[in-house]
Amino acid sequence: MAEAYQKEFFNVTFPTEYVAHVEINRPEKMNAFKEVMWLNLSSIFRQLSHDPNVRAVILTGAGDRAFTAGLDVQAASTSGVLATQPDSSVAPLDTARKANMLRRHILEFQDCISNIEKCEKPVLCVLHGISFGLALDISLACDVRISTATTKFSVKEVDIGLAADIGTLSRLPHSVGNLSWVKDICLSARIFGSDEALQHGLVSSVYKDKAVAVAEAVKLATTIASKSPVATLGTKEIINYSRDKTVAEGLNYTAVWNAAMVQTDDVKDAMLSGMQKKTPKFSKL
Amino acid sequence: MAEAYQKEFFNVTFPTEYVAHVEINRPEKMNAFKEVMWLNLSSIFRQLSHDPNVRAVILTGAGDRAFTAGLDVQAASTSGVLATQPDSSVAPLDTARKANMLRRHILEFQDCISNIEKCEKPVLCVLHGISFGLALDISLACDVRISTATTKFSVKEVDIGLAADIGTLSRLPHSVGNLSWVKDICLSARIFGSDEALQHGLVSSVYKDKAVAVAEAVKLATTIASKSPVATLGTKEIINYSRDKTVAEGLNYTAVWNAAMVQTDDVKDAMLSGMQKKTPKFSKL
Amino acid sequence: MAEAYQKEFFNVTFPTEYVAHVEINRPEKMNAFKEVMWLNLSSIFRQLSHDPNVRAVILTGAGDRAFTAGLDVQAASTSGVLATQPDSSVAPLDTARKANMLRRHILEFQDCISNIEKCEKPVLCVLHGISFGLALDISLACDVRISTATTKFSVKEVDIGLAADIGTLSRLPHSVGNLSWVKDICLSARIFGSDEALQHGLVSSVYKDKAVAVAEAVKLATTIASKSPVATLGTKEIINYSRDKTVAEGLNYTAVWNAAMVQTDDVKDAMLSGMQKKTPKFSKL
Amino acid sequence: MAEAYQKEFFNVTFPTEYVAHVEINRPEKMNAFKEVMWLNLSSIFRQLSHDPNVRAVILTGAGDRAFTAGLDVQAASTSGVLATQPDSSVAPLDTARKANMLRRHILEFQDCISNIEKCEKPVLCVLHGISFGLALDISLACDVRISTATTKFSVKEVDIGLAADIGTLSRLPHSVGNLSWVKDICLSARIFGSDEALQHGLVSSVYKDKAVAVAEAVKLATTIASKSPVATLGTKEIINYSRDKTVAEGLNYTAVWNAAMVQTDDVKDAMLSGMQKKTPKFSKL
Amino acid sequence: MAEAYQKEFFNVTFPTEYVAHVEINRPEKMNAFKEVMWLNLSSIFRQLSHDPNVRAVILTGAGDRAFTAGLDVQAASTSGVLATQPDSSVAPLDTARKANMLRRHILEFQDCISNIEKCEKPVLCVLHGISFGLALDISLACDVRISTATTKFSVKEVDIGLAADIGTLSRLPHSVGNLSWVKDICLSARIFGSDEALQHGLVSSVYKDKAVAVAEAVKLATTIASKSPVATLGTKEIINYSRDKTVAEGLNYTAVWNAAMVQTDDVKDAMLSGMQKKTPKFSKL
Amino acid sequence: MAEAYQKEFFNVTFPTEYVAHVEINRPEKMNAFKEVMWLNLSSIFRQLSHDPNVRAVILTGAGDRAFTAGLDVQAASTSGVLATQPDSSVAPLDTARKANMLRRHILEFQDCISNIEKCEKPVLCVLHGISFGLALDISLACDVRISTATTKFSVKEVDIGLAADIGTLSRLPHSVGNLSWVKDICLSARIFGSDEALQHGLVSSVYKDKAVAVAEAVKLATTIASKSPVATLGTKEIINYSRDKTVAEGLNYTAVWNAAMVQTDDVKDAMLSGMQKKTPKFSKL
């Protein structure tokens, strides 16, 4: 199975039944992101979304130092849309044309990360070590965020003159409960730890070190993977829908969604298993 | 007064002036819900909403073991839309017709619980003991959630193959501040305690045991009932409206709402009483 | 510079480069608000918004006793729309005409406070001592809320027969993460302290006393003022936009916003300074 | 079948298979509405919505003079919320309490008419003769509006000092394409004819007289009733949903809706019948 | 009264009781707009909004040749944000800073025209002769659009390299019913006549020439001014609200709005006058 | 250039400078759609969107008989999700799993057609002959709809047991102004002609026959292609945005969009050309 997922800068393994483990693998650069990595990440999650052998996913960074240090600034400064030296072989664009080129580019990058959110299977992220900039953009597109006692977080973008544009500013106010804190960390780019992250709701659990955190993530993913895949799909989809809509809209959407989904055999299987104190087995999705 | 509220499986009492106490009363089954209980709950809250002698409501479960264990799965499995054996006396419906029948059914159940949210009077809920499945659906339609040190919570639905469909998934992302935790508990159906419920914002206060929690709920309800009923009606209505809308929409709605409501005699009465250090008396709503 | 901002009941000073400090200055009345103060506050923030020499603002109350005790009830009861004695020299309006007059009035007051939210520069608020009623309305229009160990908070409006109408009810459900707590404090008007305010997310940090809190606010404002003003403007604007919109809408808005803003020289300056370990200097906005 | 629908002031008949004909029956008062008529209308449409023997509905007024002249002003002026003489046996309410009582009342009336819109079966309305005030409120909750050459329309409410409050102002801007004309007729209460109604999109067809218009309505209803009831239900539901939402929201809702509904046997039956040039027969809904 | 409204480039007169007539008065330049004219227009409408002696407004252009030819391009090209020669005495801004300066400027201009839409009194616009560019932006913020047989319309902006930015693109899709035609005229900037404008719903009536059109506008305004000002205010407000919201939101807003407004004496006066066949007299707003 | 666009069942040509002509090319089957055609159509429009040599696009059907007869029902009935005979080599899915498979499939098809709407260049569609089912879905994703005097339209889906699910029901209520007519044609699947299509706003112009209609479409496309590509891009984008949003949201979006786009050289070029009565030449986008 792992072979189907071979992409540069990523390892994909399958620690337990129905659980996939995606690892960002560029530890010598603290897992900093170059353009190809975005595209590969996106492609892996599009594939996981429809893979019937996968029911939950965990996402981690290779090595001990960093989940990811964020954008590879050195690479970005020498080529691409943020290059500090314009490419002299090309006639310069006027402001509006350059704006449109940038807009296309940003939308494309945002789509890459949104493929994690759109993945039909729940995604759990383990943040450890340096977790700067893109670490936040990426983890906020995951469903569950877990960290270690020594994780260092920073919404780094204002330090390079940018309003964070790959999703942090759009998702953070819907993911945590303290808007004053959201603005504090986004406007100052200050580094903060797991205690703040847990207190204000950025992560939902903190473990001693990376090894324990990953083990606990696998355990939680395994629990989720033991549930009806129809039920976990609906749960992820309806929570994401409801996050963005009124309660009345959420209720109506739930009714339409479940009109089909309640007809699954999983309900009958689960109810009978429950009454018989057995563990139900569900078909693949 | 209590006579007007006699409904099977519920007790309604009036512990202090203007405060109603609704008790789910099926303790021998851990207050598990059958269909008739939904309808009775709904009917009680529709009546409380317009009762001029009620200014605040508390909702609890009878007995020590459970607020409610949720859906009565055994009853559900033998009849109704989730029955594991189809009724052989009726020709089976095609998928679409069954889907529409289920959609009608879910919308009807959702309406029952939404009548708690639509009740014009603030509703305080005391969660104790087993508080599974519907316990969450119901309490999230209440205004204030209070628990005891030993309450056991679980969003149980994925365990029976269902995405929670009576309101938990639609209301929870708007009620607590940690979206990672919301997904953790909804996707895993794990049991958690009051410490987590308080930390992540599901409840706003925790007391030693049920007796103390109910006493504190009555005290808070009595305080609320001592305020202007015009002001508490507006406060509940505008918070619920604003939860679902932009700030600009909330501000405009507030202005239109208060255009009438500021003309109440209660403002004058409250201001004069305040300056004279007296307790104001307000007319019924 | 301070001269340009001279308005009755307010002091405006400039403690560090690019940082403005606005002080509500009516300590003998615990900084309670009269009508003229609203208008002056609004006018100061409209001016700060476009002032190229300002990149961050802090807002505090003069004296040790109160940030503000809220509306000056005594003044309000003798004249204006809440006057307990109608002006006998004017023919009374019918209910609808009075409602429209009140609606105009409320919208005008709301606009005053919304000018803090619309200010292009981040605004940090230090809540200390008595922080009742309008203290909440005002601070919720600020970006970051800081308090002291002894601050006393209360959403006071139900005590004068009013649903809070200058913004608390519209902004609070979008600013903190525990909706049960929001309703508890708004419906009961009870006084609570900084521990609750921090736990439930109303403030993001608490300091020993007013002196320390103000010093820390100046420090944070100075950090923010050292970042690219293009980046902090975008960060404030996009977070406020995203708070009120779906994630997909937030992402698209970010892409359009940054199509222009990424073209700033600040990105190049920040990236080069970062690689050279130097502090970047940014142009005025 | 007709017996199940016996309600005062209404006739319900079944002119063709699966088609119900609801007639407002108070011709001696030009079908003007009293309170009981609202409630009966609502109850009839709630029943039609779930009646498996009904697949399309037409709504007309008895007699030649009027579809309906609107509210029975004489009845309204002597009792109820618009009574010109207050009931002296009851203590007068303060403005806010009266406002809340009126709000409850208006919401209840709106719910009555919205039951036409919520009816799962398409509703066709024939407007003829005097069609004033409530005639518009009611017909705008129907799916298709047909009129005669001599129909006299008027949005009458500003003539009695009211902004139309049972739905015209909310539905009209979403039902016709000329907003200038919407405001012209709503602000002036002027009487207009079928030529304007057709030109600006209030009705979709105009026939010589009532007899022809009703016959054509029955014909159209019969055509609709010959289609798959799963398909017409979905078509009504998704158009109403899309009218109120963005295109992207409409597309997603359609996909979720049809995930169940495409599984109907009707698709197979219709496709096979189509290829065999036969008329398909569909099961009841 | 007219004296209170003296502003350069505008005449304000009062042709009938409660009706104001605002005339754009720069006929020698075909009523083309310079910056000061925007500000004056805005200021006039803010004043009319609260003037108790005004119940309806008509807006026309002076002279026979044009309602307005739009932006005064010559003036715009020599100074201001569209100047073709930059002001060499000022250091050039970087792209992002210029973008923010432009954003401030556009928002300010939009606010000017939105004051017509926010005016509490209905506004009727007579488009005649050349009606290009801003003519559309302005008239779309009015409530009713009337034209003459020879009016020449054009959404001119793409001819000067601009997407129409003062409101045409935002309001047009909500004001007319043929989206294909909206895009045709906006993308091609072609000139079209009153027949198309009426057919596709841009105007609601067409008269022979300017004199007749203005006379008819005064007549319609006089009719509107004879209605209850409480009712016409509500009608304008609720239609504008509903244009932008779902039907369910519109219905709820109507109920809250009318909770106060139905308490007006105008309802009783209108109902009694109606039964007595007399013309009601309403108090000022 | 045409070579870059070679895809089965489509011809792409370039009749005038900057204008592309896409022709659906399966005339022997009345241009009925098979799955591969969706994918090819989508891929062509994704490419046109970024092609700097294209500024406007027209879309037509090959042959005289049909724009498109819609879905190729025969092909659909033998394989794919609507197949009337299930594939016996695969185990049947339970209802929920089949629903999810269908949802994925519908979303994928919708995305194909939405790529026409997302194309950065204006798209003009010429509907002629048989224009059934998908003809509507496709043309409603185009910007301008043109037809011939003999075009036969039908929203065919209810005839095959389906609520139209590739976009007609979501886009139609936002594209035409007569909701009664929308429901009439969608619920009855009746065939109608260009007179109705023009009267109710589905098309914006009607020409004698296909040859004239295509010639006029090329002429209009050429006019559009002569305008600033920055201006036409913004015009399409902002109209589509505004169609789905409130006026206030549209205005703000316009201000942010134009903050960058007004900085284009095209404004200066167009203004100078206009004053010099010359035709401006704009750079590629």
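For reference, chains read A, B, C, D, E and F in written order, and residue numbers begin at 1 within each chain.
The criterion applied here is as follows: a contact is a pair of C-beta atoms (placed from the backbone, for glycine too) under 8 Å apart; a residue touches a chain by one contact, two chains touch by 3 or more.
Remember, predicted model here, so these are calculated numbers, not experimental data.
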Angular offset of subunit A relative to subunit E [C-alpha, multiple of 5 degrees]
180
Which of the two pairs, A-C or C-E, is linked by more C-beta contacts?
A-C
Would the interface of subunit E with subunit F count as same or different, where same needs over half of all numbers used to appear in both copies?
different
Separation of subunit B from subunit C, taking each centre as the mean of its C-alpha atoms, in whole Å:
33
Distance from the mean Cα position of subunit E to that of subunit B, given in whole angstrom
47
If a residue has to touch 2 or more other chains to count, which residues of subunit D qualify?
95, 99-100, 174, 176-178, 200-201, 230, 233, 243, 248, 253, 256-257, 259-264, 266
What does subunit B use to touch subunit E in their complex?
253, 256-257, 259-260, 263
Touching residues (chain side subunit D, partner subunit F) in the complex
122, 143-145, 174-178, 200-205, 220, 223-224, 227-228, 230-239, 242-243, 246-248, 250-264, 266-272, 274-275, 280, 282
Per the touch rule, the subunit F residues reaching subunit A in their complex are 50, 94-97, 99-100, 104, 120, 230, 233, 260-266, 283, 285
In the complex, subunit E touches subunit F at residues 73-74, 76-77, 81-82, 84, 95, 98-100, 102-103, 106-107, 110, 114, 117, 157-165, 167, 169-174, 176-184, 186-190, 200-201, 243-245
